[in-house]
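Chain lettering (A, B, C and D) follows the sequence in which the chains are written, and residue indices restart at 1 in each chain.
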Amino acid sequence: MDWDVMLTPYKQAVDELKIKLKGIRDQYQLTSKHTPIEFVTGRVKPVSSILEKAKRKNIPLNELEEQMQDLAGVRIMCQFVGDIDAVAELIHARTDFDIVEERDYIKHKKRSGYRSYHMILRYPVQTIEGEKPILVELQIRTLAMNFWATIEHSLQYKYAGQIPEEIEERLQKAAEAAFKLDEEMSKIRGEVQEAQQIISKQRESMRKN
Amino acid sequence: MDWDVMLTPYKQAVDELKIKLKGIRDQYQLTSKHTPIEFVTGRVKPVSSILEKAKRKNIPLNELEEQMQDLAGVRIMCQFVGDIDAVAELIHARTDFDIVEERDYIKHKKRSGYRSYHMILRYPVQTIEGEKPILVELQIRTLAMNFWATIEHSLQYKYAGQIPEEIEERLQKAAEAAFKLDEEMSKIRGEVQEAQQIISKQRESMRKN
Amino acid sequence: MDWDVMLTPYKQAVDELKIKLKGIRDQYQLTSKHTPIEFVTGRVKPVSSILEKAKRKNIPLNELEEQMQDLAGVRIMCQFVGDIDAVAELIHARTDFDIVEERDYIKHKKRSGYRSYHMILRYPVQTIEGEKPILVELQIRTLAMNFWATIEHSLQYKYAGQIPEEIEERLQKAAEAAFKLDEEMSKIRGEVQEAQQIISKQRESMRKN
Amino acid sequence: MDWDVMLTPYKQAVDELKIKLKGIRDQYQLTSKHTPIEFVTGRVKPVSSILEKAKRKNIPLNELEEQMQDLAGVRIMCQFVGDIDAVAELIHARTDFDIVEERDYIKHKKRSGYRSYHMILRYPVQTIEGEKPILVELQIRTLAMNFWATIEHSLQYKYAGQIPEEIEERLQKAAEAAFKLDEEMSKIRGEVQEAQQIISKQRESMRKN
């Protein structure tokens, strides 16, 4: 398989969505509102990970595009847990893609401790052979959730899903600390939002003069 | 007027279209075909130029968005005159914007010597208040056309449209030289396209091994 | 003052340092080592903040460049507290700028709860009038430190340094939660580093085939 | 050989030089002077081209870094022939790299018709193992020179250096047309420079208000 050719529209989808979602953040910053989007990252799954996952999940290579929903991945990081719903609403209001699936691992966190809000988008990429719908996994998380998830992912990989009990325990404690941080931050959220509005308004008034 | 706020969706449209059109070029390069897109630039009109043009054309500031069609501008440069039609076809085939106007200043060059292919697009930008259609001027030109046009634009500006005859003459000679270059290049186009395919195929076969 | 002209070499310094420090991260990722740099951001201080700080600290505008050391700011975020020293060492080893000051607010955290490692660099920018040394403030922090600091900064700004006691208390609790998260993460660091090496090596071996 | 690892500092050098040279252009635009730099591109030589050239020139793979001076390539395009000297002077004035070689194929154009100004730079990249000097080929050309050179390069490649006489002739005519365009442009240069200064000054005065 010519992976470069096959993955090109996925790369294109990721690049376009990054520009679009970063644009949302910029709009908030200009209009004196608290921005629910802290930053945006994206990636196309590395070929080694695609092969490994296809083998593990028994997905034939010619069915990758339908059955592996995270070949293209975009991640939105938020400052506060409460921002995640605001972002999900923004995503629902857009007309440039469809949402084909939605999973709330925040209300229903995984047994491992994993928390995150997932959406699968069907995003139309314009190729030189015409429009091609591309599946993209969108993850919305706080920075603390992301921090923990990155670490858990590395360990799952290392131990091929069989993390030793002692390490499992440390991971649980880290998950609790991340959760606690999100909680303390939430209590202070209203204050911070007001403060950010004051800063934005001041900058705005400078621009107008 | 808060220009930053007003022009933000225009900036967004330019950024998105640049990513999209550069993506087209990358697709060609991967699939061993001659790419009709050499490079892509874009800009939002500077506020000083907006004000100057509004005054000159008698456009009230509250009708800018409908009446000034080049607040957002994107430019595609091509190697060969023959590539311009190929690009225009690609633009027609896309489903992510509408074409609201089309002017062929290549078949019908302006009296000044100006040659370029113009399209006005209506491009939907997703803002935090919902979808907003944005007019974008798309110019498609060869590098030689662009070179000359940039220079003519500077001189028109300097002489406020009243270029002295002697300079007008030099400008005409430069336009002829640019036209001649495009002609000579066209005669060699078939050869170059074949050559580029050979190079691309070789790189492709390396990637597969 | 023409702020655009005055701040141009500061913007240039920030852009160059961002490219350079991101390059460091990429090198680690290629060579199968844990990267101590998670991501890099940078900014030139907004003019409104410069004016406000100049007034507050009594700095005459013609002495800004010597006395305001954070006109240009670059921030490196790390996954683990232990990575911060590794980054500081890397910075010391470089020959493309001088270090003129260094403050360790991690060993000696501020009374407010602020933790971060600061360096002031003297970075030579090549301008069209010759080489110009530019002061740049480099902050090195974990994600948890950064999270807390961002919030504290907003609140300091809102209350002009006089944060009410009740909010001060919530901020302290958030600082403790951030500290606790860093601590739990540190306990798991060795495991994660080994895991990341396994992943990198696998990708590397794929690239070579 | 792990090409990704070997070429990483070359990619880094190209990225840094692109940011630096684009910065030069931005400085000119702000200070109301005609910018001698129209745009800047850069690339690391593709592995397929490295292997092909190594074979053709009999360079052992373990001597690539010393003997193949264009592994990293940066190109500066100018509007006018007269700008090329101005750029070369700017390059000489910089202190962030050494110039190890210089060839003027404009005063002494190649028999093929090739015109361009070449410099070989020794640019220090800061790697995680310390400073590493990297050779970079810098080409300075007008847009017309570049246009022609791109085409000639494709044809040389296709015919492995043995371009048929008939095509050779067409290429010569294109070279003459490119040269003629540069000549006509030079005659108009003074006018355009003055015009650009007027535009820049107007924008500058707007920024100050």
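FYI, contacts are C-beta pairs under 8 Å (C-beta built on N, C-alpha and C of every residue); 3 or more make two chains touch, one makes a residue touch a chain.
Given the structure is predicted, the values throughout are model-derived calculations rather than measurements.
Novice: Given the touch definition stated above, what is the smallest step count connecting subunit A to subunit D?
Specialist: The fewest touching-chain steps linking subunit A to subunit D number 2.
Novice: Need the most distant chain from subunit D, centre defined as the mean of C-alpha atoms.
Specialist: It is A whose centre lies farthest from that of subunit D.
Novice: What angle of turn lays subunit A on top of subunit B when you fit their CA atoms, given in steps of 5 degrees?
Specialist: 180
Novice: What is the distance in Å between the mean C-alpha positions of subunit C and subunit D?
Specialist: Measuring from centre to centre gives 34 Å for this pair.
Novice: Hey, how far is the Cα centre of subunit B from the one of subunit C, in Å?
Specialist: 40
Novice: Compute the distance, rounded to whole Å, between the mean C-alpha positions of subunit A and subunit C.
Specialist: The computed centroid separation for subunit A versus subunit C comes out at 24 Å.
Novice: Note the residues in subunit B that touch 2 or more other chains, in rising order.
Specialist: If we look for residues of subunit B contacting two or more partner chains, we find none.
Novice: So what shape is it, when you link every pair of chains that touch: line, ring, star, complete or other?
Specialist: It is a ring, because the chains touch in a row that closes back on itself.
Novice: Judged by the touch rule stated earlier, which pairs of chains are there in contact?
Specialist: A-B, A-C, B-D, C-D
Novice: Spell out the residues on subunit A that touch subunit B in their complex, using ranges where they run on.
Specialist: Against subunit B, the touching part of subunit A is residues 2-5, 8, 12, 15-16, 19-20, 23-24, 26-28, 30-31, 90, 93-96, 124-128, 130-131, 204, 207-208.
Novice: Please output the residues of subunit C touching subunit A within their complex, sorted ascending.
Specialist: Against subunit A, subunit C makes touches at 46-48, 79, 143-144, 147, 150-151, 154-155, 157-159, 167, 170-171, 173-174, 176-178, 180-181, 183-185, 187-188, 191-192, 194-196, 198-199, 202-203, 206.
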